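Structures for review follow.
After this come two complexes, each holding chain A, first together with chain B and then together with chain C.
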Partner chain A sequence: MSFTIALTVEEALTALARGARPIAGGSDLVVGARHGKAPLPDHLVAIDRIDSLRTVTVDDGGLAIGAGVSHDTIERHPQIAANWSALADGSALVGSPATRHVGTIGGNICNASPAMDTGAALVVLAATVELASVGGTRLVPIGELWTGPGRTAVRADELCTAVHLPSPPAASGSAYLRLEYRRAMEIAVVGAGAAVTLAPGGTVAAVRVALSAVAPTIVEVDGLPTGDLAAVGEAAAALASEQARPISDVRASDRYRRHAVGVIARRAVLAAARRAGGESIAVPVNRALGIGAAS
Partner chain B sequence: MSESIVLNVNGVPYPVAIDQSRNLLSVIRTEIGLTGTKEGCDDCECGACMVLLDGRPVNSCSYLAVQAQGRTITTIEGVLEGDTMHPLQRNLLDEGGVQCGYCTPGMVMSATALLAANPSPSEEEIRIGLSGNLCRCTGYTKIVQAVQRTAAELAEPAAPAEG
Partner chain C sequence: MFAMRDSWRTMSTATAPDSAPPRFVRADGPDKVTGTGRYTADLTLTGMLAAKFRYAGIAHARIARLDTTAARAIPGVFAVLTQADVPDVRYGGMVFDRTLFANEVVRFEGEVVAAVAAIDAATAQRAVDAIVVEYEPLPVVNDPEAALAPDTPLVHPQWQSYGASRQLVRDGNDASYASIAKGDVDAGLAAADVVVTSRYHADGSHAAPIEPRSVVAQWEGDKVTIWSSTQVPYDARAGVCDTLELPSNRVRIIVPHLGGGFGGKCGFHFEAHVAALARAARRPVRLQFTRREEFLAPDRRRESIAFEFETGVQRDGTITARRARLVIDNGAYTADAGFFSQLAAMHALGPYRIPNALAEAHLVYTNHQPSGSVRAPTAPQCCWALESHTDEVARAVGIDPLEFRRRNAVDSGVEGPSGQTYGEIGLQQCLDAAAELAGYGQPLPDDEAIGVAIGWWPSFASPSGAYVRLDADGSGQIVTGAQECGTGAVMTLRQLAADELGMQADDFQLVYQDTAAAPYDMGATGSQTLFNNGRAVVAAAGQVAEQLKRLAAERLEADPADIVLAGGVAHVAGTPDKRVDIAKLAAIAGGGELLIGHGSGAPPDAPELHGSTCVGDVSMAAWVAPQFSCHAARVKVDRDTGVARVLHVSAAHDSGTIINPIAAEGQVQGAVVMGIGQALSEGTRYDEQAHQLNPGLLEYKLQTAADAPPIAIHFVQIATPDAGPRGAKGLAEAPNVATAAAIANAIANVIGTPVRQLPMTAERVWEASLGGAAAAPTAPRTAGASA
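And then the complex of A and B:
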């Protein structure tokens, strides 16, 4: 095995072009290797000291998060909490303080777990992923990034360098919550992210919902109506349960997941709408509202 | 492949020649010889292996030792003040927050990082700060009380315990 430390994106891309694999905090890679899921790659290039990957920028174009930004930073970033709340909700639920310190947004989305806590948030917030290689840079809509459990459209010579999120329209809010059996070191039993834009009068002008841990990848719910909030919430519940393709595993049966994801989707829509209406709900929604825990 | 690196642990530079796939926990325990840091689950779940990297908690079982080069590593041995226990350690004993003791070094490291970032945490903040550390003996209440007592003492250092 070889291990090198890159200090610039260019150094990292050169190493990737020669066959190295990137490592940031290593929280998925190192644990996975010990489990026999996948051995450590023969050639590793550390990207956790590349300063340009660790910046958060907010401007008129929206939010740009470097791929090396930790969940801990996202969770505590006041502008992300205020305007891209669902992402802050998701990052705040990951693992423990130690996991959130070493775990990065780029690593989380490229690990492509269908149960990841940031994915549904990124989908409903219309994120775009920046992929760089020595040949150039391309932008991929987040929904096209994942091709299966643990599989992505990222080529071996490409590095995820940033995630871009547009500024939400006025009167918008978002939330991500998950069903969990315990409050920390947990993986979503099911999860849902929602983004809601309210029309004058409080009806729903636009809504997006995405689901985690109910399909081979994060999936977006199709066919949601607009209009009366309660009716949108009920429709989100019904459509989420209908469109889910869950599996049975150690954490839940497929039938339970299919039912529960509807409940969680409706709660996510209602929490997002409360934020859209100007209510301040602390990050993460799971803790602030005391919802999501199966008791 | 073996590589010679220097790890800075508790203010001491330790040169070690290690395989690059080794985790930080095994290098601290078997190469450097500091055995206060424990291996629990070896799966990034239990927090027994918690050390501080540049002051922030890290599960050393799931962190490559080569990635810790040039960073400041603090283990449980590094929180002692000479031969004197850190207030957290003393309060864990006084409050009965220690039974088998296996989780205690990790608890102390997480609590140290918490109090450095937030000197007067609420009970909820303490529970979140320790949420990556499992204890199978005490049930957490006394551990949380020990952290609360330490925070109060550090805020008011002139008020010593009973003589």
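And then the complex of A and C:
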């Protein structure tokens, strides 16, 4: 058993190349080990003290979030809330205040839970993930990262170092919503992220919708129309329910999930469109609009 | 957030005391809030070993082979015990149907088959895993209603050979049958204008205290001291004495601070296992449960109940008759649930004027975790089902549900369904107060509604004892058998002693939760602490008061009967200047006859019943100092998803005189939030082999602080005779009774139909709103009219 504290990305990558596994907040790894999901790896490299992984940068190219940035930082970042709102919505729903302070965006992505709250937002916001190893760095579109529940395309010697999100076009807005049974320490029963760009006149020029907790990975909804907002919302509902591949478990039946994900997808589209139209809806939408657990 | 202070000031009953009682902060509060308080798991003794249990992991099977050889051979293992290593004793609450370890057959997945004590927890776990157990599976009894059928396998084929309370009516899988009958139900139903029938099902649930239980045992010679997170130290002691065949003066139970219980830590649990391990290992041993164990192993979870109701009513809203049939899941062993059938039958009839009533309840063995007393056992589920049914009845005759209850609820001088005629009670005032606090009748958005429900709960009379003494420096000590499980009831004892002696609550320290130090008390169960131990403390303090008065009378040259104790001073009545400090009297006594009082007092007698017949009578139909309540909940329902959110709860209670308002309000707030969880999110799910599907806090969803709505509280204060000190009744359980029911009626008011299964999860609300059969475990008979 070894535990290495890395202070630079290079130190972390060297440790990974020697077979260590990375740990940041530990909110999945440690909790999972305690519950018998998987034992703690024999060799760990702590990446939570690497300053360069904890930066948020906004420039003309868009948003770059270091993999070690906490959900709490994302939730409270004014520019993320304003321009990449769906991600702030999702981060604000993770666990509890304590979870959000220790849990990181990189950990959330690489844990690859289909019920993760940031995933659908990252898909509709066209995120790419930066993966580094001692051999170099590559960029992977977020939609290609997840290969199954808890499984990713990240190689054992690679570290997720950052997430890049392009600047949204003008007249755009996004939102992430989830169906929840309580307002803290909750996991999405189903969730939906939407990004909407409006044309002059208020019709929908572009729309993306992604779903959580209805398939082995976060999935994007195919075949969405553009045009009249209400029609787009109805289509999103119908297509989301149709394309979902939910399971029945102790949280919900597949029948209920299939229905509910349509409701949530429609609401995500409508909330994103309101933000695209300039309306300020506070983060997270679940609390502002009372969707899921109505407030 | 909470409107409690306002509601206190608006207290308006004619029998209210002249001035509001003092609001004081509980003595154990700072310890608990700052983290300096010490709990059982914080104890470390020299040489202490860690205990781990081997659980059955299968719901019903014969043990074909049990071999601990490999486990014993592991270095660091000090003891491995099975039933073969302990006395062959069956124990239980009212049916002696259980042994410490599984005896030839396992009957639920959390049954303890073997126990290990080892140098550390990891070694103990390795040893547990090395125990070889081979099973021959037996048919799993997973459905309580089916378990009553004649051809169903018996969970206890030898049930007739078990010792049991003679009052219990038992037959095969039916561990306790009870009925309450009054009048002629068939004639009453025939005379009705409308008969409404309903079927409901409440799933089982858990107490889920924040502290998973911990037990530490250490032997010194032939005496054992056991530190345990129990709500009932004397009951735990009795369990150890019975199963290990020890006299009670060789077993001492000490409870450090207790991290909540909610009934889940009542009863005798694992103290004897740990004591037996410690004796075998010749070392102190600690058992520390994980959260998963806390869900699976104790014999105290809230029972599931299936309900059938039939109520006849006149067009004017008068109830003519009610028939109820209940099937209660007992689980694999009876624990303390023997009295549940009669208690549930009472709750199925409810606090209503019903001339013709018949309630029948069966407590049925299954291969589930045993049921036991969780905060107001049977009552929240029964109230939820009955009050949902009551709204159906009111709707069938077109009468507003609040008005329907006003017409049919019991009142002072009225005879209830078991033939008990009530003295002065405040149920009607509770209805008025809850409705007013809720703004009943106000216009609401179409996705919101208010539901109301009424509930009741007995006070439990029990023997109880305490000592009170004043030391030479004038400081006081209360030595009490009472157990504090978070309600604040023990903390309130200081106020009672102080009032008796003309002193301040802060003048007294408590010695409590130690069976070797204090006389008997039933423990933190049945909302009885203040009710019974309060009586004991008042009696003990009264003896000290008499001593002080005699001492003061000598010094002031007055008659002891004329001495008044107030404000830390003894003075002659009418002559405040003729005075002496109580501290000075204590100093004098310290050099002579010490100031020591002991008290118990006679518990109040049970009231008489007239005109009813009770089969399987375990004294649960005649209620001492009954408590009454009305809760009103305003709920918003997201019709598209079925998600319900409680926006506001008002809770009006007749629990007699309120002695400590902060503690009383805290009990109501906590119970309401617990009730919201029971209403919406807390429910145990079983698979087909009777394994719990959600034994953890991720999937067993408690409410969080973020979910708690504003709660408005009103106490209707009636100084009740034949009750606790100053006319106090119990309180800790009563506010847990009517919350789920009120929420159910609000949801039904929004979606137009009741949700027939508890908890009313979003999915079940959605299915009910579609009219789908999935909302009920079996197709409900719809409410309807018959001639």
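FYI, the second predicted complex is superposed on the first by the 293 of 295 C-alpha atoms of A that agree within 3 Å, B and C clash if a C-alpha of one lies under 4 Å from a C-alpha of the other, contacts with A are read in each partner's own complex, and residues count from 1 in each chain.
Operating definition for what follows: contacts are C-beta pairs under 8 Å (C-beta built on N, C-alpha and C of every residue); 3 or more make two chains touch, one makes a residue touch a chain.
It should be emphasised that the depicted structure is a prediction, and the values quoted were computed from it without experimental measurement.
Of the two partner chains, chain B is the only one that A:Val102 touches; chain C does not reach it.
In the superposition on chain A, A:Pro41 contacts neither chain B nor chain C.
Once the two complexes are overlaid on the shared chain, A:Phe3 sits against chain B while remaining clear of chain C. Using the contact criterion defined above for the overlaid structures, shared-chain residue A:Ala184 touches chain B and also reaches chain C. In the superposition on chain A, A:Pro216 contacts neither chain B nor chain C.
By the touch criterion defined above, A:Val250 reaches chain C but does not reach chain B. Touch criterion met: A:Gly25 reaches chain B, while chain C stays clear of it. In the superposition on chain A, A:Gly150 contacts neither chain B nor chain C. In the superposition on chain A, the residues of chain A touched by chain B in one structure and by chain C in the other are 35, 183-185. For chain A in complex with chain B, the touching residues are 1-3, 5, 23, 25-27, 30-31, 33-35, 40, 44, 46, 48, 95-99, 101-102, 183-185. Of all residues in chain B, those touching chain A in their complex are 1, 3, 19-21, 23, 42-45, 47, 50, 56-59, 62-64, 66-67, 69, 110, 113-114, 128-129, 131-133.
By the touch criterion stated above, chain A contacts chain C in their complex at residues 35, 179-187, 189, 250-253, 256, 259-260, 263-264, 290-295. In the complex of the two chains, the chain C residues touching chain A come out as 447, 636-638, 640-641, 643, 645, 680-681, 685, 693-694, 696-699, 701-707, 761-763, 766-767.
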